[in-house]
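A, B, C and D label the chains in the order they appear, each numbered from 1.
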Amino acid sequence: MNREPVFEAVGLQKNFGGVAVADNITLALYAGDRVALIGPNGAGKTTFVNLVTGNVAPSAGKVRLAGKDVMAESPAMRVRRGLVRTFQLTRLFQRMTVAEHVALAILQREGRTGRLVGNFRAMPNVLAEMREILATLDLSLVADRLVCELGYGQQRLVEIALALALKPKVLLLDEPTAGVPAGETARLESALDQLPPDLAVLMIEHDIDLVFRFARRVVVLDAGAVIFDGQPGDAAASAQVRRVYLGNFTDARHPA
Amino acid sequence: MQTILSVAIDALAYGMILFLISIGLSVTMGLMRVVNLAHGAFAMIGGYFASYAMSALGLGYGLAIVLAVTATVIIALPLERFLYRRIYGAPELTQVLMTIGVTFCIIGITNYLFGPTLKTVPLPPDLAGSTDLGFRTISNHRLFAIACGLMVAAGLWLLFSRTGFGIKLRAVVDNAAMAASLGVRTQWVYAAAFAISVALAALGGVIGAELLPIEPYYALRYMVTFLVVVSVGGAGSIPGALLACLLLGAIETAGRYLAPEYGEFFFYLAVIAIVSIFPRGLLGRAN
Amino acid sequence: MKRLIASALAALCLCSTAYADTIKVGVIGPFSGPFALQGKNFKAGIDAWFALHGNKVGDDEIQVIYRDVPHADPAQSKALSQELVVKEGVQYLAGYYFTPDAMAATSLLEQANVPMVVMNAASSGIVIKSPYVVRTSFTLWQTASPIGKVVFDAGIKQAVSVVSDYAPGIDADSAFSTAFTEAGGEMLETVRMPLDTNDFSPIMQRIRDSGAQAVFAFLPSGPTALGFVKSFNDSGLKADGVKLFATGDLTQEPDLPALGDATLGMQTTFHYAVSHDSPENKAFVEAASKAIGDPKELSFPAVGAFDGMYVISKMIEATGGTQDAKKAVEAVKGLSWESPRGPVSIAPGTRHITQNIYLREVAKSAVGAYYNKEIQTFANQGDPGLAAIK
Amino acid sequence: MTVLENEAETAHKQGAMRLVAAPMLLLTLAIAGYFLFPDNLALLTRIIAISLLVLSIDLVTGICGVATLGQAAMFGAGAYAAGIGAAHFGITDPLAMTVVGAFGGALAGLLSGLVMLRAHGLPQLVLSIAVVHLFHEAANKASRWTGGSDGLTGITPSPLLGLFDFDLWGRTAYIYGVFLLLLTFVALRVIVSSPFGMLCRGIGEDATRIEAMGGDVRGTMLKMFVIAGFVAGTGGALGAISTQVVGLDTLSFALSAEALVMLVLGGAGSLYGALTGTVTFMWLEDVISAANPFHWMTIVGALLIAAVLFAPRGLYGAVEELAARIWGRR
């Protein structure tokens, strides 16, 4: 592990009133990481994401991307440095088609959204990349549909398509399967499996089965503090984690 | 020194009158989330009723206020039932369109019924006089308005934060379906809140008539003032509205005193400065 | 559909102007909105003229077409004036409450071969915009100048002027200040306040600070004027003996009941008081009151409109009903007659009305109604404002 | 409001054809207007000038989601820029006046944007009100340049292209107005379907989401404000050229509010909606106020209420819905 971390959170602290919703969180991610961030409701998982992306200013602590301190940078700047997130509740543009979503993300990444003329449909390289992403996520057939006409499962896939189109180095997935009907999780999971191998992924997830299938490392958060960071197997063994999860771990099947 | 004190008292009185007239709008915009541009129209209707009650029916000032408030609410309730109920939760711009329409209609009808001349609400002798403060005199009416403003502020604050109705209203606005499933009669709560805001408008229209005379165009003439005051305070916040009225009243009064020819610049630059520092309004809540 | 038929009919009428009998007059004014009262007075004045003189000049019948411009809006005014000319086929444009509205339409006159009779708009400069403009109202220079001397003669050496910060206010201020200082007085201060001032107490404080013995004020008639006068009384300035002078805009008759005792004894100068004592005015007030419905709403724009109709009737007489703007305007240059406001004439050089300006005092009649009582006459006043522009 | 997407899609499928079809339709309507209402050309020209203002509001409000009651600041800035150029600096060529006006409007748009982007929601609306009042007051104060409340006069545009005089019937002004509107409309359609336009629509729906995609919300909106100012300023300049007087009303809150009402009436978010709303509102206002100059406000008010009750997504939205129901699409 002598590689440089692509992402580091160092001593992140956030207090609302007297309550610490993030308590000295330190966490590093490396290229190719598959990390699950778990914890009971209200443990501060989404707050952690918001602190990292810059949507909420921390009371103390630092965030580094590829070794560079980005605390002074806006959320948008951090995205441009490769730190991309998805949202727990899908936040898509109801009056845009799937294709437009992906194209917008590609153009944004390429810094071409300032252009006042032209249309992405006349830009072969954008179209090619878009088709590839949509095909990966099995969205090609609905490319020209408005997202408000899609089922929730497909909307979650569009969220991921957006994230992929931004070619992130670090991807924060906030409960990608939340609200997805049981029949559609498989497709979502295969999408997760096909994420680029060198991408560092931090996934917040409640579905413990999925966590064990996906993650090679688990971080457990409780009351804003990291109480465990290690192998999934060890997490199940940890007494503290078990106490927090009231025994859920004992039921979990071991993938290994 | 005396001058400063004197201007300060003018500012206080003006601020309180602003508060009286616009606080009802804070209720509709902040608590009910309806951009009710017809607020001034209801204030004006109240003024007309009071003026009519006193000049034609010969009622006293107090009775006229009661009659005006009641009658305005009676007129407003069918409007709530048939028009406003359709726009609860609608996009703000749709609300703007509808309430502008209502305002146009009320202006037109008032002009037709009462003619375009100014109407006044004559003051009873006790209020028409003035009180000597030692270094200057102040009209009793202004003292009365200050007292009314304070009472309304206190009453509303109690109503919304200390009674079941306030809790229900918040619940309904935040999540109508949830509140309904808990047994809250949402339509009733909305109607009641609307009635309160209209009643406040009418009260403000009558008491403020000394400063803002009653005429058909009243409804549009002061719309901007109301909108600015409420938004700067933070829609829905009673203390915020009070603070905004006092602050903006002070700025406007001081501006008009110090540099009347640049009075408008003073006022609107101050508004820009305040909103830049408090992007949600002085005491506005985060969404 | 109705409209189509109407315009078809209008077109027919146009074709038949040669042996024609209907002469159309387009009147633009604020018939709705905040100044609806003044527009209503335009109509009342015009209706009164028809009631007293009939709607015929010789064989020609006058027909008036009204168009609404609720507040100063030159683009709208020009579009409507143009429509009146090319579509409705009016031979005369009249009305115009606001200066910019009149200014905008002046550019049409020459090509349209249409004279314009301004029935209110009161900035001096309008008449020089086009040789086809005739004005039967007043200018602020005209009404505000005489009071400068009145104030000085009342033994007041130092005064302040307080005016609304827009062109008419600035005109009024310049006129008063010029007249007052010429008479020997000293202007302590000029306060210009925003048009939409609601609370005048800080202004009153300023007046008090200046230590002046008298105040000259100009505000447009309506709610702000009411607020100003009330505030003047409430602030105790009146009680302390500070005198308030103004142009008649501040005490226009429809506002007097609302102003109540607050203005009693207040002196203003103006070209017309509804109470003016003459047989012509008696007849006019009777007819105009009937036309407007509520006699209490009668105000100065009505007399401007009434005299405007007189001028137009003379123009029609002179041209025999044919459209000839130049001839029409020539015909009324130097015209003099007895208006409800007193003897008036059209100055040949400026085409602006020369008239008496009256000093009036607000008084209470035996039946308890307030009115402007004329107490002094400044005869044959022209417009000093034009000289000021040049 | 799906029209924008439709436009983008079809633009792709049918190439430039569709991009030409819409302006052709507009042109046809404009020509029809010329021959059907030859005596109302001044009104039609005024409608075009206000259309440009409403289109400009649509860019900011309909596309970017920022409600504004102060857009007249840009319209008036354009009108005064063109007017002052003509009256004080002898720039009387109509084309040059238009350019001056457009840049005046763009500058006002930049200023408005700098102020308005400091807040959200109602406070933002109030900032827009403050901006338009400050512009109004500044113009009132600078009466040496602007003529104050008497209006700026002495604007005499020279013949268009040195050939066509601005005549009594307003033919030249109308034709020039149609030309400006067509040009603007085509340009705006291109912009709306461009990558920048997509980004703006995204901001209008969810600015935070755009930020999470790395988009520069503030900068993009500021750019849109400048473009909107350019469009509104063009409208103002057209007004100055055709009216030859510029009044303080061009910088008024009332005009801003009325234009916003027109936009919402037509349907915010679509360029067609903006045009539909303007034409409908102004035409109705003209007809009703001519029929009854004294009490037309009541009728207009009642019609606005009816519009909300029966066409909550705006007139154009209602037409679209109807069309969709008839042809059974979507």
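The definition used in the following text is that a contact is a pair of C-beta atoms (placed from the backbone, for glycine too) under 8 Å apart; a residue touches a chain by one contact, two chains touch by 3 or more.
This is a predicted model, so every value here is computed, not measured.
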In contact with subunit C and subunit D alike are the chains B
Which chain lies at the heart of the structure, taking centres as C-alpha averages? D
Just curious, how far off is subunit C from subunit B if you go by their C-alpha centres, in Å? 35
Averaging only over C-alpha atoms, locate the centres of subunit A and subunit D and give their separation in whole Å. 42
Centre distance in Å when subunit B and subunit D are each reduced to the mean of their C-alpha atoms: 33
At what distance in angstrom does the C-alpha mean of subunit C lie from that of subunit A? 72
Considering subunit B alone, which of its residues make contact with at least two other chains? 108, 111, 261, 264
Where subunit D touches two or more other chains simultaneously, the residues are 137, 141, 295-297
Given which chains touch which, is the overall layout a line, a ring, a star, complete, or other? other
Would you please name all pairs of chains that touch? A-D, B-C, B-D, C-D
Over in the complex, which subunit D residues touch subunit C? Could you list them? 38-43, 45-46, 49, 137, 140-141, 143, 147-151, 153, 167-170, 239, 242-250, 254, 287, 289-290, 293-297
In the complex, go through subunit C and note every residue touching subunit D. 3, 7, 31-33, 36, 39-40, 66-68, 71-76, 78-80, 82-83, 85-87, 99-100, 103-104, 107-108, 111-112, 123, 125, 129, 165-168, 170, 194
Spell out the part of subunit B that touches subunit C in their complex, as residue ranges. 3, 6-7, 10, 13-14, 17, 108, 111, 115-120, 122, 130, 136-139, 141-142, 210-213, 215-218, 220-222, 225, 249, 252-254, 256-257, 260-261, 263-264
Subunit D - residues contacting subunit B, complex: 61, 67, 115, 118-127, 129-131, 133-134, 136-138, 141, 253, 257, 260-261, 263-265, 268, 295-305, 307-309, 312
If we count contacts the way the header does, which residues on subunit A are in touch with subunit D in the complex? 53, 55, 74-77, 79-80, 84-85, 87, 91-97, 100, 103-105, 107-109, 112-122, 144, 146, 162, 166
